[in-house]
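The first chain written gets the first letter, and so on, giving A, B, C and D; residue counts start at 1 in each chain.
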Amino acid sequence: MLDLDSKWRYFSNMLLVRRFEEELIALYKTGKFSGHFHVCIGQEATAAIAMDLLAQRDHITTTHRNHGHMLARGVSEKIALAEILGREAGMNSGYAGSFHLTAPELGFLSTSGIVGGAISLGVGGAYACKQRGDQSVTMALFGDGALEEGVSFESLNLASLWKLPLVFVCENNDATLWTPSGTLSKEHAVSDLCDLPRLCGIATKSVAGLDLNELNSTFTLAIEHCRSGAGPFFIEVKTARWPGNRTQWPEPVTGRTDLNMALGRQTIPDEDREWFEVNDPVLKIARQLANEPAGDSKLLEIDIAITRRMEVAVEFALSSPYPNARKALDHVFA
Amino acid sequence: MTIQKMSYAEAVLTALNDSMIADDSVSLIGRPFSLGPTRVLAKKLKEKFPTRVCEPPTSEAANAAVGAGAAMAGARPFVDLGTGAFSFLAFSQIVNEAAVCNYMSGGKLRAPVVYHVNHGVRGAGAPQHSHDMHAYVWNTPGLQVILPATPNDAYGLVRSALTNPNPTFIMSHFKQATMMGDVELGVSIPFGKADVKRTGTDVTIIAVSLMVHAALEAAEQLATRGISAEVVDVRSLSPLDEDTLLQSIEKTGRVIVVDESPLHGGVSSGIAGVLADRGFKYLKAPIRRVGRPNTPVPASGPMEEYLVPGPQHILEAVASIL
Amino acid sequence: MLDLDSKWRYFSNMLLVRRFEEELIALYKTGKFSGHFHVCIGQEATAAIAMDLLAQRDHITTTHRNHGHMLARGVSEKIALAEILGREAGMNSGYAGSFHLTAPELGFLSTSGIVGGAISLGVGGAYACKQRGDQSVTMALFGDGALEEGVSFESLNLASLWKLPLVFVCENNDATLWTPSGTLSKEHAVSDLCDLPRLCGIATKSVAGLDLNELNSTFTLAIEHCRSGAGPFFIEVKTARWPGNRTQWPEPVTGRTDLNMALGRQTIPDEDREWFEVNDPVLKIARQLANEPAGDSKLLEIDIAITRRMEVAVEFALSSPYPNARKALDHVFA
Amino acid sequence: MTIQKMSYAEAVLTALNDSMIADDSVSLIGRPFSLGPTRVLAKKLKEKFPTRVCEPPTSEAANAAVGAGAAMAGARPFVDLGTGAFSFLAFSQIVNEAAVCNYMSGGKLRAPVVYHVNHGVRGAGAPQHSHDMHAYVWNTPGLQVILPATPNDAYGLVRSALTNPNPTFIMSHFKQATMMGDVELGVSIPFGKADVKRTGTDVTIIAVSLMVHAALEAAEQLATRGISAEVVDVRSLSPLDEDTLLQSIEKTGRVIVVDESPLHGGVSSGIAGVLADRGFKYLKAPIRRVGRPNTPVPASGPMEEYLVPGPQHILEAVASIL
């Protein structure tokens, strides 16, 4: 069970991610950047736990839906935001954009927007860990849609055959991008996503993405399993689809998350009742913490501090210049 | 003949619709195109032909194989593979299977599958969603490689692809999706014919896909300076209409080749190579290639724009050889 | 249960395939053609049954190990051999060679030497069948190694989701080409090859490739299943590895199959005992037929006739000219 | 300096062996090469480094991804993908992932993976086992594209690949596997340097991979007729050593480009295009491209041979411009 300090820490992390993503949508709506992007609203608990439990020397691969992973791992919101806005001060100097944020100094390998990219590159990370023999592990985070790609099957097969220290994390958010005409389609003939890795002889566990305790114990178990040399581990994290995650671009349908809804000081709009009452991991942990002594005021204080941090980040990003255009010629080769 | 004004993306879907009406064996394997105005049209297509618009999982290799195999079995699938870079996942099916099956069978087996992607530097596509695909597929004998630049060409070339007996790889540049133009409905455009989009006498500008528009703009500006530029739209890289290109340089003696793919191994170099061999006798000056520098495409706007060839680069190239 | 006439017919087919492959190895050893090739010795029963039960309008895809399928489907041994020898009279005019024999007039689609090619192209054939709505089916024949390729997983997924009339036939010959240093390696984390299709919701059956009756009932069932619109069916045919199938090129280690071994008139060499006594489908059916009235003499008569046919075929192939070299420029486009 | 005579295939494996000794992070992901003399060597390598020679399943995409991902994580994998055409199954991992990760990360992340294939028209390879791969990968900025033509180049370039910070795609022509030559052990050859394999003054023959040998043979014959041909081996398509190529044609004024890939979209056209732009001022005659006609490769011997460029084609091309 998580102690109270950890819970507060995770809550802060999760709220930072939430505020970051909300801010991003607002910036997009006002034309502050262009192009495709994806937000991880609803998936913050996974990011908070997963990124915290890995050691410094471990490796991570992730996807187009990477912002939460970056922030939870400790990337500053200022340089993450600047990157997404294509600025010079961005964490990848403007080359990456939203899809490809990466921080090798924190263990991240390449962040791939190609479905099936992160899972298969992760096998490579784990191969390197095993070759080094230093008990390090790699974690590959990817969406449920990735399991439609053949390379993902190949990755499971290979990781199993070679007993690689790889934590597969399938963030099943019940959403693949190209849902036809806005409705969800069934793209897996396999109904339980753990069945495929299980068939390949991989240890698996399915866990709700809402519950910090369960996430904590599952990720701890999986990482230990891999570190001990017992081969890969596959975690399916089930989260409900955030209603704004509806088409190619996210829509701010649920508005800015008001923590007062968790404190009973603000009524929840009918149309978003299920989301805020049942599915939102941020409000869920907020409700728990509100029951602690002085919990509600502390929650709001943290929100104020984070909101302020985000204001600073927005200012930082917007005031950072764009890269000199000629820099496009750099970094083709190391 | 009916002429209708529509966007490039609408022209692609209209051609598909008209081909589906004309031939029961035509079907779409793909998601509704993510090109603004066509979402509605794609939905209509699905309503009209519920069993002939099939939305596959995210498994490009199998999806492309389904197209190839179905075509071998007599169907005429139009397989939309989405963004150009996703077709790399299907390269074996396209290059190793569809392209060679007629040859490999001694002419006994046809695979008239049509593959379509949206490609090119699109604005914030970053390195993985900005690939120009045509240099990658061009060296594949047996595969028809088609790049329409206008709504009318898109319509006419898609109609051709869906009656032609060979496999085809069609690329639509992202930035063309919303371009408007008149379309001659019901009219197919044969493959293997370059199109002289503007006639001129002083210099030839050979261009591919989106770069045709940059070339036309440059030609317009050259005209104001008294320079008469001919703009030739390649349209079909395979079969390649070498004759039309050569005829133009025979007339002008000077040529610029403009293409968005990176210069090394790119299409501007490849076409220049053909001309330097077969058309050398006509040349009064170097063949200038206007292409992308040899770099991936960065996410940030100003860096991205810096890389993309435009009218200014063409004007500079022309100035250097006149 | 198969009637006696059918058994004789299948035996003839199987023996033709066996004699063809044996002849081919001999021709290779004497330098009559060059390049890679694969023989299907030990897998003849599958070819005989599968190719016979399909209707004229059905489609077939196959692999580098296709000779048996072609002959059993009715391709003349003369033009098949001429093709493998690169001659003008070859069934594909010399363009195909051993790897790519195809006979569209008999329902074959492209024959792919790319592992994962036949299985995935087969999905396309079945898609065309379903679009036509004429109750035709497609059969994709491929090796156990094909299930290492991701596209094969994608193919199973797609065929299941779209309920395509596709008979998947996995010829598990216990051999993948690149066995390291001649030993067999384990390349599937999945131990039962039917598990993967089963997981995708596909009907499956595993059958021994030795037993004509079992093969007949299994293939009949599978084809009917697909014709009825019930979706795909996956058959795993298990055959033992023929000892000559050891590296890249087949080796004639077991010599020319002497039917007298089935008739008890010829002792079986010790080193090949398991192969000829237990695993060889040709000798197995020969033993059954030898018990029929005048069976043994009929067996030998058939052998003489087939041997004669093969002599004619060899003469035909060897005397057929090579194609005019300039024909290399033809057939790029239809 | 130790010099040892060995086959091309042995040189590749010897380089791998020496790199594995020199650097613990080097490992092989692949099957023992199927090149005659090296089967034994490959087995020895496996015995010597049992945990660093890893034989993967037939899953090229994942195998290539493992190489890319491991390289990003600090390892130095040499991934053998077998026959060239099999690498089409791994194109997304090579082009979308390995090639761009340094750029995409703003220079923060390296992926020094080495991909190796045996490619080219090999004798009865038929359409699916005869692909020349270099035109397919060349248009990929960020990827080093290397084609050694001799045992010594193979050794030295593989050694470079395994210390160089960038991803590399190395192609060995099937027909080179058993060619013998002296190898300078322990000596790396830097990328991006073309190699003048024979000096001459009348005509430049630029050649790639196996075609270097055809060019040298042609040069020999030309010499007997009093024509002095310079043979330049490109070796590294990316980075491309344009300067060395240009210097040679500045001297000779005449150039033939010889390459086995089909002419349309092929490497002979692509290099000719570079020269027609940057080297036009030196040219006294058309740039002749000697390449494969635009067809797949048939199984039957005489048809296959008909397609492959050889010394005779080079001599004819030279005759046409002298």
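Observations, loosely collected:
Simple rule for what comes next: a contact is a pair of C-beta atoms (placed from the backbone, for glycine too) under 8 Å apart; a residue touches a chain by one contact, two chains touch by 3 or more.
The model shown is predicted, which means the values in this text are computed figures rather than measured ones.
Common neighbours of subunit A and subunit C, listed by label, are B, D.
Taking each chain's centre as the mean of its CA atoms, A is the chain most distant from subunit D.
Set side by side, the interfaces C-D and A-D show unequal numbers of C-beta pairs in contact, with more at A-D. Computed centre separation for the pair subunit C/subunit D is 37 angstrom, with centres defined by C-alpha atoms.
A separation of 29 Å divides the Cα centre of subunit B from that of subunit D. Averaging Cα coordinates per chain places subunit B and subunit C 41 Å apart.
Touching two or more other chains at once are residues 90, 94-96, 100, 112, 114, 116, 148-151, 154, 157, 161, 187-188, 332 of subunit C. Multi-chain contact residues of subunit B, defined as those touching 2 or more other chains: 57, 59, 61-62, 85, 89, 92, 96, 103-104, 126-128, 141-142, 294-296, 298.
Taken as a contact graph, the chains are fully connected, with every chain touching every other chain.
In the complex of the two chains, the subunit A residues touching subunit D come out as 59, 61, 90-96, 100, 102-105, 109-110, 112, 114, 116-117, 120-125, 127-129, 131-132, 138, 150-151, 154-155, 157-158, 161-162, 330-334. On the side of subunit D, the complex with subunit C involves touching residues 31-32, 34, 43, 46, 55, 57-62, 82, 85-86, 89, 123-129, 293-296, 298-307.
For subunit B in complex with subunit D, the residues that touch the partner chain are 61, 85, 88-89, 91-92, 95-96, 99-100, 103-104, 126-128, 131-132, 135-142, 237-238, 240, 257, 261-278, 280-281, 283, 285-289, 294-296, 298.
Every residue of subunit C that touches subunit D in the complex is listed here, in rising order: 33-36, 86-87, 90, 94-100, 112-116, 145-146, 148-151, 176, 178, 180-181, 185, 187-188, 248, 322-329, 332. Put simply, subunit B touches subunit C in their complex at residues 25, 27, 29, 51-52, 54, 56-57, 59, 61-63, 65-75, 77, 92-93, 96-97, 101-111, 141-142, 144, 165-166, 239.
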